[in-house]
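This is the structure, below, for whatever I ask next.
Letters A, B, C, D, E, F, G, H, I, J, K and L name the chains as they come in the text, with residue numbers starting at 1 for each one.
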Amino acid sequence: MIRIAVIHGPNLNLLGIREPELYGGDDLDTINRRLQQLASEEQIELRITQSNSEGAILDAIHAAFGWADALIINPAAYTHTSIAIRDAIAAVRLPTVEAHLSNIYAREPFRRRSVIAPVVIGQVSGFGSESYLLALRAAKSVVERARR
Amino acid sequence: MIRIAVIHGPNLNLLGIREPELYGGDDLDTINRRLQQLASEEQIELRITQSNSEGAILDAIHAAFGWADALIINPAAYTHTSIAIRDAIAAVRLPTVEAHLSNIYAREPFRRRSVIAPVVIGQVSGFGSESYLLALRAAKSVVERARR
Amino acid sequence: MIRIAVIHGPNLNLLGIREPELYGGDDLDTINRRLQQLASEEQIELRITQSNSEGAILDAIHAAFGWADALIINPAAYTHTSIAIRDAIAAVRLPTVEAHLSNIYAREPFRRRSVIAPVVIGQVSGFGSESYLLALRAAKSVVERARR
Amino acid sequence: MIRIAVIHGPNLNLLGIREPELYGGDDLDTINRRLQQLASEEQIELRITQSNSEGAILDAIHAAFGWADALIINPAAYTHTSIAIRDAIAAVRLPTVEAHLSNIYAREPFRRRSVIAPVVIGQVSGFGSESYLLALRAAKSVVERARR
Amino acid sequence: MIRIAVIHGPNLNLLGIREPELYGGDDLDTINRRLQQLASEEQIELRITQSNSEGAILDAIHAAFGWADALIINPAAYTHTSIAIRDAIAAVRLPTVEAHLSNIYAREPFRRRSVIAPVVIGQVSGFGSESYLLALRAAKSVVERARR
Amino acid sequence: MIRIAVIHGPNLNLLGIREPELYGGDDLDTINRRLQQLASEEQIELRITQSNSEGAILDAIHAAFGWADALIINPAAYTHTSIAIRDAIAAVRLPTVEAHLSNIYAREPFRRRSVIAPVVIGQVSGFGSESYLLALRAAKSVVERARR
Amino acid sequence: MIRIAVIHGPNLNLLGIREPELYGGDDLDTINRRLQQLASEEQIELRITQSNSEGAILDAIHAAFGWADALIINPAAYTHTSIAIRDAIAAVRLPTVEAHLSNIYAREPFRRRSVIAPVVIGQVSGFGSESYLLALRAAKSVVERARR
Amino acid sequence: MIRIAVIHGPNLNLLGIREPELYGGDDLDTINRRLQQLASEEQIELRITQSNSEGAILDAIHAAFGWADALIINPAAYTHTSIAIRDAIAAVRLPTVEAHLSNIYAREPFRRRSVIAPVVIGQVSGFGSESYLLALRAAKSVVERARR
Amino acid sequence: MIRIAVIHGPNLNLLGIREPELYGGDDLDTINRRLQQLASEEQIELRITQSNSEGAILDAIHAAFGWADALIINPAAYTHTSIAIRDAIAAVRLPTVEAHLSNIYAREPFRRRSVIAPVVIGQVSGFGSESYLLALRAAKSVVERARR
Amino acid sequence: MIRIAVIHGPNLNLLGIREPELYGGDDLDTINRRLQQLASEEQIELRITQSNSEGAILDAIHAAFGWADALIINPAAYTHTSIAIRDAIAAVRLPTVEAHLSNIYAREPFRRRSVIAPVVIGQVSGFGSESYLLALRAAKSVVERARR
Amino acid sequence: MIRIAVIHGPNLNLLGIREPELYGGDDLDTINRRLQQLASEEQIELRITQSNSEGAILDAIHAAFGWADALIINPAAYTHTSIAIRDAIAAVRLPTVEAHLSNIYAREPFRRRSVIAPVVIGQVSGFGSESYLLALRAAKSVVERARR
Amino acid sequence: MIRIAVIHGPNLNLLGIREPELYGGDDLDTINRRLQQLASEEQIELRITQSNSEGAILDAIHAAFGWADALIINPAAYTHTSIAIRDAIAAVRLPTVEAHLSNIYAREPFRRRSVIAPVVIGQVSGFGSESYLLALRAAKSVVERARR
């Protein structure tokens, strides 16, 4: 059994309600249900959190330490500024997959830089809610390779 | 009747107590009373919040969605760094007026850039507590024009 | 009685005729009439100038010295380059309110920096012709506070 | 049936032979075999090319036009400099997935910028040869959504 | 009797458990005990806080106002981005010593700039948990000099 | 009949008299005669202005509005700094060809940037007085295409 | 008789087929026919090449040496990066006219810099396929002036 | 007999009236009288102009051509932005001395760069009205050396 | 017994005589006496040097090699430019504490960067002459930890 | 016996024919003959290639793998842009000497940066065709030292 | 009687011997003789030093303290890098005139910035050896004004 | 007979004693002996100096003037900052070869720029002590070519 913590960053609770042309029409509950379904097919246990607070996201990363085998995080707007999230990921040393709904490299310049990226294993971005499912597959493959 | 949410950012709870030479001698209660008085003259209903936490400010912006016709926000120190507040304002799509007590363009270089400004309707800065009253008039005029 | 000089910068004589989607549908005469109307309500005497020439704008600022209690200036395209206008404002030491029709911080990068802003009292931008009326109220409040 | 062109950029013919600590132990043939296997499971027809020449990669992108439903490209060292590849992708207007073996954002600064990224649908990076399989799934999902 | 507030920033609750090669083997409790011991030898009363939340750190700085004679703060990841913490320190006007476990100037470029440093009295960095003890001695000496 | 306004910027009245090695040996009168000759061959009516004053150039652009079908402008030294000329061209919305005697991209770095270029149809530079004749042909072709 | 080599850079073989809103509706054959027609009217012999490969473009420039009196080149995407093309033009010392279909100075920032421009005689950009005809006239005038 | 044109730039007509702590207590008439007195002692004929308009300053430089042996110019605020004044000085090829009342290199960063300086013979700055007298001596020495 | 070399950089011989508001009222002899007193209490042998010459400071660092257990250096103005001092410290591989009287991070931008810092163990800055005493305690603690 | 591959980059086939004042009067054949002569004196076997194509240069580097003991490469214009050549050299892990005819550090700014340099053993530049002979001696000495 | 220390920086001992086209034909002895002559006419006592060593120049500035009324310094190559000389001038608080033989603002970019300029009274540059005589007159005028 | 001055910069007296992994195991005496041996084989007379002082290095360059036919200099840490050494080399106009033990372009960013390089003939870097022998051969070849 693989255990993975999924952390959704700020404003993602508004997903599906607003700006569907940018982020797609799925709301966060739908995304979480699709994640849970793929997880049960793949024998993965998930813990999913969403918070608008940088401090609470740090707490969630710390809480994953000792329980999770890997992290999936969409840091949203904190992607571009939060050295604290970067440090938390580096500190707990869990293999982490960074996921983004939109292709952040095709957006405004200030969104093209992720301060999180240098401490993660890999990144999946640009496929809407599909990004989360690809991230789950990627995280599973990383954990399995490490166990071998 | 027009409904407007007013959000005061970090450290503004210290207003009037300290650094009056920079921000003027009014404390936050006085400013809020003057806002309420002008609001009742102008047939405006106000909801006023102050928080030091970026996450709580996001929550306040989300909460305004569905209730308010416009936002007035003084993001204070978060003006210069918070992409999350910018995203929240863009997501709720409420017409927003950015207000500052001091003229941020006459201060240190790092204070001269607002990451919030590109998503607001307009900005009033530099007139001390008067900035809030001008912002309230500006917000009212924006809402009325949209209703016409 | 308060005396205020209003100076409109380059290309503003074309207002209302062209690009109404960017600057609103009011032409400069309409704006000036609305300013005069609010001024007479508020016991303010106005002198209004428009020029396309940087040198003529300097002359207008110099001329205000000794007559006006405050300046309102929309430096338009010179906002971003004219150190001479900045020096003139600093030299005559009149309290000055900078006004812009559009939100300059939501436009092209080279329009996001005002070289005038560091020498003014405050700034109002983004509310179309309403920006001038708010600027007039702001200027009045600054003069009255100084007289007290 | 979905048709996808896969293009491997410069130096990737050396894969698996050298620097396994950086790019993993799989050589290009192994990766291609794994791609073909997943493709046949998923009813996808593949055409795979590798070239060290920027001009030949442009030719391959042009050739995909009219045949392929989507592109998967690992531009390798050209990721960071080739405006010509970017223009070719934009010109043929095929949905494109950018794949990288390593997490380019955790490497030297000059590797952290992709000039290709702004014209692709999405990006998968950092999972070794697994990146290609995730990219294939992503490309399939993009094509299917467009057909619906 | 001298009263000093000590504030530990984000992720420091993980100290001693992880990355001992970078931050030393002491956990936060050990550091706090050593601080308390030196404080009681030197007739200093301490109040120690740790938080992952920027807002809560602001609250702690505000709370020190009126009680403490000096602040010791290790802003950790917020060192490089938090204008709000800088403003809070400037607002409460308590003499502040900035402490860092590691030598931030020998680390990644983005860690070499402290936005906090311009408002503190001085800085001690690079001596592991010893940095805190040196900071305590420094804070004491600053307070005593001011009293003279 | 096509009507085109030609505007020569600052210092161009000195042409042909000084620095022939840089700008060629033709003086401004000769250039204007050659322009008039080609214009009469091509059934074009011309109005030609030269001014050293930025404000007077704005006036000339405004005056072209309502009369001219296209503008040809050599903004000379104002090419690199005048946002006001850029705004005037954008405001009158006449198709504009930017002409330069010398190849500005082979000169000092500060001459390699034209703030005017983003609002013009196209640019001809580097062919001495021939640049004006090519610009006249280009302007004619643009007007004719628009009429079709 | 004047001999001119015309070199079309990468992706230009797709012209007219795709993105007509950006580059116009003419395909490369049409452009070449119009060039040949003007050339025969003006007593010019042309040799026209197109290649996607930077190396092949260098070969074409070298081949022009000893045959051509002038070069016309549209380096397309290589405009912004190819020091090798710049060096080849400088080495063969043929007068060269740089041509662009679109106004590169009104496009994305990375397209606004031509590394080729400092070694050419002049530049024509922004007039669609007309740019090539203007370039041919310009090249002819440069050769004739040199022969005088 | 040596003939020298002296040109005072924008806002200098306000000298002596305002900001004596920055520019000294002498007004422009006093400075001009002291210049005339030294000139008559040194057998120099002077022509002195002041203008707030960049275009009028260009005209004055052009007018000096054919009459003056040297120029003394204090371009004031235009020092930092006027490529047109630079071009005019370069075009008339008169030996030019740049004079500044204040030490521009000890002021705000944007005042520390003179775009005029690369085309002048030399510069005198920081000695108040004395700067003009030193500039006159310098100009005389340059003209005499050239005559030898 | 611990042996520590203390090196004072350029201009520090003027300490206490001039600019006491910036560097405190202690002259260099007083600081050295306080250092010697603390050293004798802590069983440390000191060798103290001051020089205005970068070369002589290199010689002093070289001389410490083979004798000292640690270095304390206040490189003063050379802090910001001397790669040679940095190389010397790296070459002799003595644990080094960098000390500054003032908080260099609260001063002019060019003083906020220490090229020395990346090769030292730690830094103490901002506490006036107290900085040296804290540096001595820090150096002792570093040596003792290494001996254990 | 030592085996060394020598690779000449783009435009070097024009050597000696053009621009002798910059690159010296030797053509590429002369250089290759002098290299072969020194090689036979020093018991070195050479394989020499020249290509204008970046892709062909990559192929040549790949081909050297398994045959050569060292590489000598003059990447010419690709020196400044080709991450692909850099990656190829890093991948084959052959000790490589970078040679330049001219002193690239005394030329235009964009030629002063070599993206190849960080992966080579050393560099020889500025001695005309002599640079190649010095590079051959350097390569030999590197191979011999490694064999010892 | 006025006492002035004159300090010549590095390489100035070679003056007049080499590069007369850049620095003029006078050697340092001639310049010093002319300075002494003007000094005796103007009742000024001079002390003149030249050194190639930054440390020795600091010593000379320190030595002037207590003796001189003003400093004249040509820091030559140290103009652009020596924070230590800047600090020494600021520390001794003598009014200082910076002199340069050549117009440093018309030379290479790295020579256009003086780190010394912000702490001097004024600057004279570009008049060859005449710059020193003008500097002497300027220094005298500064001292006399201060005495009044 | 050829005469060559060899100048070793700061910290090179420590060579061979420390950091052999970076600079090789040879000490400075060994390098000097190998230089003398090759010099006597090649009929070259050498004068070798080492100094840690920038001023003393300037003196050594001046002293070479009139005696040496060429200079070999390893400016070590001064490579990156000393405009004074650059000026001295330019002033004595001796052909100069810059030598470095390590490949400075593969080290920290601040070591990748040589301010000396633009005034030397050529550069040899990265071959340990062999760099000096190659530099000697290069210097000889330069002198011989000049004599021809």
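Basically, a contact is a pair of C-beta atoms (placed from the backbone, for glycine too) under 8 Å apart; a residue touches a chain by one contact, two chains touch by 3 or more.
Bear in mind the structure is a predicted one, so any value in this text is a computation, not a measurement.
Looking at the partners of subunit J and subunit L together, they share no chain. Steps from subunit B to subunit G, minimised over paths through touching chains, total 3. Under the contact definition stated at the top, the chains bordering both subunit B and subunit F are C. For the pairs B-C and A-E, the count of C-beta pairs in contact is higher at B-C. Copies subunit C and subunit H of the same chain sequence form an interface built mainly from non-equivalent positions, shared numbers / all numbers used being under half. Taking the options C-H, B-C or A-E in turn, the interface that duplicates J-L in more than half of its contact pairs by residue number is B-C. Inter-chain spacing, taken between the CA centroids of subunit B and subunit K, is 55 Å.
As a whole-number value, the distance joining the C-alpha centres of subunit A and subunit C reads 48 Å. Averaged C-alpha coordinates put the centre of subunit I at 32 Å from the centre of subunit K. Within subunit D, the positions touching two or more other chains are listed as 53-56, 81. A list of each chain pair in contact follows: A-B, A-D, A-E, B-C, B-E, C-F, C-H, D-G, D-J, E-I, F-G, F-H, G-J, H-K, I-K, I-L, J-L, K-L. Residue ranges of subunit D in contact with subunit G, taken from their complex: 53-56, 58-59, 62, 65, 81-84, 86-88, 90-93, 115.
Taken in their complex, subunit I has these residues touching subunit K: 10-11, 13-14, 18-19, 51-56, 76-78, 80-81, 110-111. Residue ranges of subunit C in contact with subunit B, taken from their complex: 103, 105-106, 112-114, 117-127, 130-131, 134, 137-138, 141-142.
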